[in-house]
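The structure follows.
For clarity, chains are labelled A, B and C in written order, and residue numbers in each chain start from 1.
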Amino acid sequence: MSQAIQTPNFVVSGDLYAEVRTFYARQMRLLDQLDIQRYAETFTEDGVVDHASRGERAQGRAAMIAGMRQALPRYAGIAVRHFFDHLLIEPLDDERLSVTYYSLVTRTDAAGAVVFEPTFTVEDVLVRVDGALAAKSRTVYRDGAPA
Amino acid sequence: MSQAIQTPNFVVSGDLYAEVRTFYARQMRLLDQLDIQRYAETFTEDGVVDHASRGERAQGRAAMIAGMRQALPRYAGIAVRHFFDHLLIEPLDDERLSVTYYSLVTRTDAAGAVVFEPTFTVEDVLVRVDGALAAKSRTVYRDGAPA
Amino acid sequence: MSQAIQTPNFVVSGDLYAEVRTFYARQMRLLDQLDIQRYAETFTEDGVVDHASRGERAQGRAAMIAGMRQALPRYAGIAVRHFFDHLLIEPLDDERLSVTYYSLVTRTDAAGAVVFEPTFTVEDVLVRVDGALAAKSRTVYRDGAPA
């Protein structure tokens, strides 16, 4: 978690906090509805998703979409939901925002039974494209994974 | 989830975001404390709660209270907590606000054991009554339920 | 939950909401990284942590640190994460802020298995020290514990 608590005196405004949370509210609906194409479009064209703990890294929307398409069969009949908490929003420079957060991921089956993935800590870099937020990179760390 | 991502360019203000979250912070305390009367008062007089996935619909505070009173024995000795995430707040028109969110519901028993209900996606319509927010309708979808 | 819903008409500003959430985002990272010293520094020097349901009360940073150090062996190989929700932020007077919230605590082991602590309801009093938020007291109630 290299970027967290980097600028301990930065206080995020209410407006930016709400905007970032709304970005994720939309992005996670797309991911959890398995709308892979529109999920990929919430990243920049050259966006990177790095599952650090399992050595999986996709660079660019096309690679992202291909990787997710391969994983789709795993989600047949399962409703996945990504819950976030403790967002820490800090500017890296004039153009980039570091956003780190906790994630708890549920899988509910058709009968209503819930199982949990291990918790994750996520580090995103967000930028603005035509005024709106977009993800430039996402690095996902599985909590408790041996270093 | 008909209303979500309806106005993709709408950016909620920090003040409205905080007000909506505070509305739910108060409303869920009342629900989880089984304070049925005061919970019902967070809805408009003609408010509707529709558990779409189990075909249960209560219209008006009196019906709401009657239905909840019947369910009370199920909660004896159990502390229920409704956790929310990914609120998406969007105006439907000048008077109505669409708020959709994820919900994770825990039940903790006297010994401290926790079990989980299936996750839910909820669609609310909020309005203002004497300046304060009130729920006009709530539609609850069980995630993963066969359509 | 004596302080909750005390000032039902108070509406927290977006800026204060974001600031309080950011305070907890930083504080919980320190706690969950077992950075006991820096966690204790998020409290005032005379800060109090009271686990009401198990009769454990630590007054002052030194007592807090000693108590937590003793508990450390329990967390070997376990990643603990404290998830919060439904923050209710209300001024007690010109200098003190009551913040109450729900808490869901996960423990993920090295293999990725997740177990849950019972849910908790927490009542904090926050103050400002040199402009920044600090915790003056924290009272933790285990949900469902017999009174």
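Just so we're on the same page, a contact is a pair of C-beta atoms (placed from the backbone, for glycine too) under 8 Å apart; a residue touches a chain by one contact, two chains touch by 3 or more.
Note that the structure is predicted; figures quoted are calculated from it, not measured.
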{"item": "Turn needed to bring subunit A onto subunit C - CA fit, degrees, nearest 5", "value": "120"}
{"item": "Self-contact between copies subunit B and subunit C, residue sets same or different by half", "value": "different"}
{"item": "Computed distance of Cα centres, subunit C from subunit B, in Å", "value": "25"}
{"item": "Residues of subunit A whose C-beta touches two or more other chains", "value": "13-18, 83, 85, 104"}
{"item": "List of subunit A residues in touch with subunit B within their complex", "value": "13-19, 21-22, 24-26, 28-30, 77-79, 81, 83-85, 104, 106, 108-110, 112-114, 132"}
{"item": "Contacting residues of subunit A [partner subunit C, same complex]", "value": "1, 4-5, 8-9, 11-18, 83, 85-89, 101-102, 104, 116-119, 142-146"}
